[in-house]
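Naming follows writing order (A, B, C, D and E), and every chain is counted from residue 1.
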Amino acid sequence: MTNSLLEVRDLRTDFLLKSGRLRVVDGVSLTVEPGQALAIVGESGSGKSITMRSVMRVLPKTARIAGGSVRLDGRELTELPERQMRQVRGRQIGMVFQNAMEALNPTLTLERQLTEHLSWHGICGKAEARRRAIETLGDVGIPEPEKRIRTYPFQLSGGMRQRAMIAMAMVARPSLLIADEPTTAVDVTVQRQILDLLAEFKARGTGIVMITHDLGVARYFCDDAVVMYAGRIVERAPVRELLARPSHPYSTGLFRSTIEVGGRDRALAPIPGAPPDLAQRPPGCAFHPRCERAESVCRENEQMLLPLTVNGVSRGTSGRPGAVREAACWKVAAHG
Amino acid sequence: MVDVSDVAEPVTTERAASERPVIAAEHVDKVFNTRAGEVHAVRDVSLAVHSGQTLGLVGESGSGKSTMARLLMGLLPPTSGTVRLDGLDLSTVRGARLRQLRSQMQMVFQNPFGSLLPHYSAAANVAEPLRLHKRGDKAWRRERAVELLDLVGVNRRFVDHYPRQFSGGQQQRIAIARALALEPRLLVCDEPTSSLDVSIQAQVLVLLEELRSRLGLTVVFISHNLAVVERFADRVTVMCMGQVVESAPTEALFGAPRHPYTEKLLAAILPVTSDPLPQPDISWRSSPDQPSALVEVAPGHEVRES
Amino acid sequence: MHGNVRPRRRRLGTARLLGALFAASLTVSACGLFGDSNNSASPATGGDDAADAPADADRPDQILRLSSSNLPIIDPQVVTFGMWTAVRGIFEGLVLQNEDGTDVIPGVAESWDVSDDGLVYTFHLRADAGWSNGDPVTAEDFERTYQRLFTPETGDTGGGTAGANSYQAATNIKGAADFLEGVTEDWSDVGVRAVDERTLEIEVQSPTPGFLMSMTHPSMLPLHMDTVEEHPQDWQEAEHVVSNGPFMIDRWVTNSSMDLVPNPHYWDLDEVHLDRIEIALLEGGTTGAATVPYENDEVDIVGLANADIIRMESHPELVDHIRIAEGASYVYLATLRSKNPLLEDRDIRRALALGIDRDYVAEVTPDGQPGRSLVLGTVPGFDDSITIDDDVEEAQRLLAEAGYPDGEGFPEINLLTGSANVDVEAIVDSWQRNLGISAKADTVESGVLVERRWAVHDENYVGFYYGSFAGTPNWPTMVGSLWSPQDIQEFSLPAEVWEEYQEVQADGDLSATERNARLAELREDHASPESLQLAELVDQAMQATDPAEQEARFKEAARLREEEHLIIPVLWKDRYHAVRPTIQGLNLRPSTDAYYFKGISIAAEE
Amino acid sequence: MALAEATEPTGSIEAVKARGHWAGAWARFRANRLAFISLIFCGLLVITAIAAPWIAPYHFTETDPTARLAPIGADGHWLGTDMLGRDLFSRMIYGLRTALFVAFGAELASLVVAIVIGLSAGYIGGRVDQGLMGITDVMYAFPSYLFAIVLVTVMGRSLWAVMLAIGISSWVTQARLVRAQVLSVKEREYIEAARSMGASGTTISFRYILPNAVGPLLVTTSFAIPAAIGAEAGLALLGLGVQPPTPSWGSMISEGTSYILAAPHLLLFPAGMFALTLLAFTWVGDGVRDAFDANGESR
Amino acid sequence: MSFASYMAKRIVRMVLSLVAVSMITFTLLQMAPGNFADIQRISAGAAQFGGAGTEDMVHAFASRYGDDIPAWRQYLIFMKGAATWDFGPSYKYPTRDVQDIIAQGFPISATIALIAVAISLVIAIPIGMFAALRQNSPADHGTMFVITLGTALPNYLTGVILVVIFTLTFGILPSSGWSGPEHMVMPILALVLGPTAVLARYVRSSMLETLREEYVVAALAKGGRQSVVITRHALRNSLIPIVTVLGPLLASLMTGTVFVEALFRIPGLGLFFAQAAASRDMPLLMGTALFFALILMTMNLIVDLVYGYLDPRIRAAGGVSRWRSQKRLSRQAA
């Protein structure tokens, strides 16, 4: 079997707090293939960003990877010396942040920010780097890139800034792009443009991990999705199947909480309560306090992520190879 | 299609038209003087909301919708034009009288934590408008605050906690409770759910829907989220660069948008259960400097010529 | 703000900014920060001297290092510390003090004659006395200088001469006071005349014992008046100043340092041994211990204050470095005027004067001795007849008699002072202990002090102000000049008369003559009979031609003055210096802080 | 009904008691060991200062002619005595009293002025702001110790004059801070919310803005206290402090400096105590800042 | 707002402030008890003369200002001179014009201040960075603990300690005076400690704030070496606000080294100023006060310009908004 572009197995990340270790990413496994987009869906605090920052190994000072494996093109990243890891960052994995205003250094020109890592990684010389930067700026749809490259981030409009940041992530042509809520901070009309832009990179073979809480974005852009709750994956499925038939109660709840145009008739059925504080993670299934279907087993024991089966037959992996449907729920596993 | 079953006091368009609107803006302009020069935030906006109605105000960032909310609340004076509450020109009242009027209109803000007094407990926050308007004594106010918090679903056990200690959704509930404390007739909600997580957003919306019908509130609901507005509003006004570009009953607007900008907004929606609309093949750009008129294309459906 | 694209340019990095700051600061420090930009003989270039005199291998560098209070100016006619530096050897007067400061020896004048009536002094100037620019020192120089001294408001000279010219009372030069007060504007009325280039005649008002001694005061030093007139503002600056003393100013950086080198035209170069005198000018905001720079070998001679004396006396080696000029000054308390007439009662003042435990006060003041009269014990012929002894019992008795037994009901006595001194505290302390009265030190800023010294205080403020005073230790000065009869008369005026008196003094509409007449009248009418009698006694003493009789008269006057207790003596202070043992030929004189640079040399260390 | 159930608070809230702004800061402060110990120490200093007449073995003017310049550990004067035989320990305690009285008084005065001026400038804005800030600009450009010198000379060297002199030189910074805080708090949504509830300007200024601007103000004040203690000593060093013989650490240090070789304990103890006091207060200030910093803005 | 009109406005404001400062100083001086001549006599040991006869001295010193003229005219005469940088002769140093005294004293104070601040920066930046990068570690706490000693100890006390060490114990440095570079060492050292502490704390907190910025994470995510990211992205941006403290710090050191100048007996301007105030030397006091105010305001202006220069956001906005820096300043109370 050939290697996937990104293969995360049983990744665990802890925060080291005064009160002890706090596990914020707990046994996450996921796979991204070239030219594919994976959505990581979940509410704030569910651990989606930390998961991907663990992959990149750019974690807050208090966070530590506690175990698991991250393979990029078959190469194990968690054990890579920092020196080599740096070559991976920026060069093989690009990252796009939610808010370009914050993720771009306000006091440096775009040129500096787009080209500096090309020289860090020894990819090319200064002139070549500049040429590439201009080209990439053009690619992301910034008019007059030769001129714009000399500007500072704050001199661009919100949409343009977001594009510039994508250019920064893509200028070294990484094979994997991690996009952390890339459209949350932009206007709706810009959102689709940004997504379409990313889709072009995807079409050229870049694997993309899209962190989002917006199911609409996931559906529009991604192929597969994982749903995270309290640091764990609770469901994994091709996006469209997930949205057509969510199986984990949390996924169902998310879906039912989503308001959409034309859905006025649909009764809103929000999930009660709020996501748990990880420091006081409920025993058993972390979702059970908010789950209508919770039973005693849910309160006491945790279910692992299991393939969804109907009478022993794997369900809903229609179409693509490698596409799986899994959920971590007693009720789902028990009743199919 | 207006879902009237939930509404305590059904309002028909005809009836609303015959009444005096609760809140009305007439040709309102707002110009800010900033370091960078004059910013024309709101241009010649007229709108009216009748008793029990909900007006949805939609637009992207910079469209002037939040400024409009503050104009309606009398928090900002208009540069020209008038805002009337029950027919009373807000610009003619000031000081204590204006503060008095405020008891009739209340606002829910986008950032619930930011809008709560951080050094007041939940109960104290809710009781504060009562205190300001000298309603009842201290004990009564507290009792009322607890009742209101109960109404919005904040457990009695936590009424003495401080805003910081609540989750975003809870904070927004407290903010709503506070807005309701004075039993206002008009509630202006400025993006009340956009800073909340999906599941919480739905909770708050459900709460607002329920309160609106139970209390018969008149609501101005501001959002950039068309889906939320569609669900919530009787009538929708679309703003772009300070101007109203289209204004219509919700059903008409979503069913048959007339203005290219509205189309563009609708096309930008990424639905969860269906594929998005194709991008309209128009490159409409607003040009507010060339005045154009709002034209009524159908009863209650106005569109700016483009 | 889109499209606001500026041309790319290099910007200063923070590091470069720092570099620039550094460079700037170094540049600044390189160009004359220490004020030696145009000077040839800074300490670093002391090698010049060595090259000139290679033979003196054993002879240590003849460089004397001193520190001094800051010298804003050295005009000897203006009362600043500068005048005392001037008299040490930058300028030289007609006469100098002898080794122990008891008499005069020839200076610029190689000899002098006194007329039989004791009124005319004829000074014969030496031919080889020269200004540092080569000009000879002439009698005319002296006459012109004294004319400047006695001319009121000589503003252009870099300050008025007031203060120093108050000293003319001691010289008693004929017509000087009138000229100064504007009674006459005719210089020929003043008894100073250059007879010829080398003969100066000075006529005194009346026979004046101690006249010659008073001529050693800095204000009587000659100035090179051509320079003074040519550079009215700048004549004192190093590049202009012309002096006639053994040393001349080589370099002077305000507030920093002054370097002196020998004056090649000085007449007595044989006695000039030092090659250079480096004076560090220190303006102290805080009191640093003087012994620190001394022990750190930064200075060779240094004046010592309390703590320093204690330090040196307790140090086995340094104790030998101490040199003392005895009886250099005295500490007194002067009665403050108050609406409260308490202190207008002589007995009360006496009680307070007797109630001070002077031994105790002297004990806490290492350089002090009990001061029991306003005449220093170093004055020739001084004896105990004029002293006022501490007498606690008598003091208590007087207080009880005045209605304050054991000090009960006695108002609080204030001691107005400009600086916190242990002796003030000790006085307060001894009053409290001996008399049972309450007292307190009222330490005020000097601006407040100068206003309050002369003010009439309100009902609940009575007391004295604290002062100290240095003067030539002879009878005329100690009795006739410092706390002169007129001063005593003024102090004895009742408060309301004093107020009027001050108004007259300040009345600009009156001519000098009118004003003086009015003031004299007020004194006549209101001053205490004793103080008026005191004036007569002093007059008689001044007129007396027989030295023994004169001394007797002065003593009588002094006793009379002391028993008025308007000015209460507390301490006699010696002046302590630390002097490096290698320094030879230094004579400390009791008066006027004077030692002369002339004659000092530096011996090799043993 | 569904609503009630939907609103069960998150886990964290159940564990934590209702805790306001101040309680949180206090808890964080207490967790800072150095700051907390310093606070206790400062508390002891304050108590010592207040109780000086009872604690000090002698009055500060009381002399002991038999034990002048007594060394450390002398009979009845365990820190020794000065030139007049005054007990060093007692004088230090009274010096502490002077220092704390002046420092707290000065900062209180400057705080009041700063709040009034900063609040009106920040809240009213416009011309009032321009005018008041113009004044602070001038005051800021003014060498503050000139003011101190003149005040002390005009008013005499009383405690009050010194206090006022120090207060005057520190209100400008404080006023600017208040204004900056007010401007930032003013932009917060809860102020707009308050206006929309119908709150008047005074209510907004004093009930809503001020308490939320107080944190940083408390931080600067807690740093200003040691600064004021230092300033008092500094003025005394220039001979402009509290009138002797009232002990002031500045004048004791100044006097001690001249006895540096003759009787080092006269410098050692006042200077050491002075430094220790400043340090303790500064550490308290540090703690206060950290406590409020963590509170910080909610981002 | 164009740069030229911005500058014009600033300069007008500066002039107005200077006039205000001069008026306040003059008024205070009029209110202050005592006068130059009397104080001069006392300090020169001429205490025995007095009462009457001081007027001629005052008049002589005031010759520039004329006799018996009202205070406001004296003020005008002074200001007329001041406008052309001619403050006239000092009372105390009658042979010297105030501007010459300033020209002599200021470079001394300024040099000491500049060197002290430069050294402080060189020490403080690495220390602040070090502490920030190891936030909450024992190293951080330890460093900050030591640094606090610096903020808490007033420079005159530090000076005394230095004298004890370098003069009394080792005897390697002169205790006072001003005649060579060796005289600069202790004063500078005494001044270094405080600013170092202030700056180090400032660098630390600013660095911490910057390290939390997302663009730092973004730079790391591009594969930047930590040291490179810190120096290129974090340090630079965290040092920008340092400029805002540097200006007032320098200004206050240049003008306010009076204690150190007094302790080490350095003829700096601070000492002149203190003397002038104590002796009521009107021209010198007015001159130095105005000069100090000018320095302070110029420093503020420079800070604003440099700040704008370093931060392109502000540069582009044309004007200079100090609000942000104010806010930062307020948080960093030091």
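Points to keep in mind about this one:
By our rule, a residue touches a chain if its C-beta (ideal position, glycine included) is under 8 Å from a C-beta of that chain, and two chains touch if they have at least 3 such contacts.
Note that this is a predicted model, so its numbers are computed, not measured.
Ranking all chains by how far their C-alpha centres lie from the centre of subunit A, first place goes to C.
Counting contacting C-beta pairs between every two chains, the top pair is C-E. Taking the mean of each chain's C-alpha atoms, the chain closest to the overall C-alpha centroid is E. We define each chain's centre as the mean of its Cα atoms; on that basis subunit B and subunit D are separated by 47 Å. Centre-to-centre, using mean CA coordinates, subunit A is 51 Å away from subunit D.
The geometric centre of subunit A is 33 Å away from that of subunit B, both derived from CA atoms.
Chain contacts: subunit C has residues 1, 4, 285-286, 288, 292, 295, 445, 447-448 touching two or more partner chains. Contacts with at least two other chains are made by residues 154-155, 270, 272, 274-275 of subunit A.
Shown for subunit D are the residues in touch with two or more other chains, namely 2, 6-10, 12, 149, 153, 237-239, 257, 260-261.
For subunit D in complex with subunit C, the residues that touch the partner chain are 61, 63, 65, 68-69, 83-84, 149, 152-153, 156-157, 237-240, 243-245, 251, 254-255, 257-263. Taken together, the subunit C residues at the contact with subunit D in this complex read 285-289, 291-292, 295, 305-308, 310-311, 314, 360, 363-364, 419-420, 422, 425-426, 428-429, 440-445, 447-448. Taken in their complex, subunit E has these residues touching subunit C: 32-35, 37-57, 59-61, 63, 68, 89, 92-96, 101, 104-105, 107-108, 110-111, 114-115, 117-118, 121-122, 156, 163, 167-168, 171, 174-181, 183-184, 235-236, 239, 258-259, 261-263, 265, 267, 271-272, 274-275, 278-280, 309-310, 315-317. Those residues of subunit D whose C-beta lies close enough to touch subunit E in the complex are 34, 134, 137-138, 140-143, 145-147, 149-150, 153-154, 176-177, 180-181, 183-184, 216, 219-220, 222-223, 226, 230, 233-234, 237-239, 253, 257, 260-261, 267, 271, 274-275, 278-279, 281-283, 285-286, 289, 293.
Subunit A meets subunit B in the complex at residues 43-44, 158, 187-189, 191-192, 195, 213-217, 219-220, 243-244, 253-265, 268-272, 274-275.
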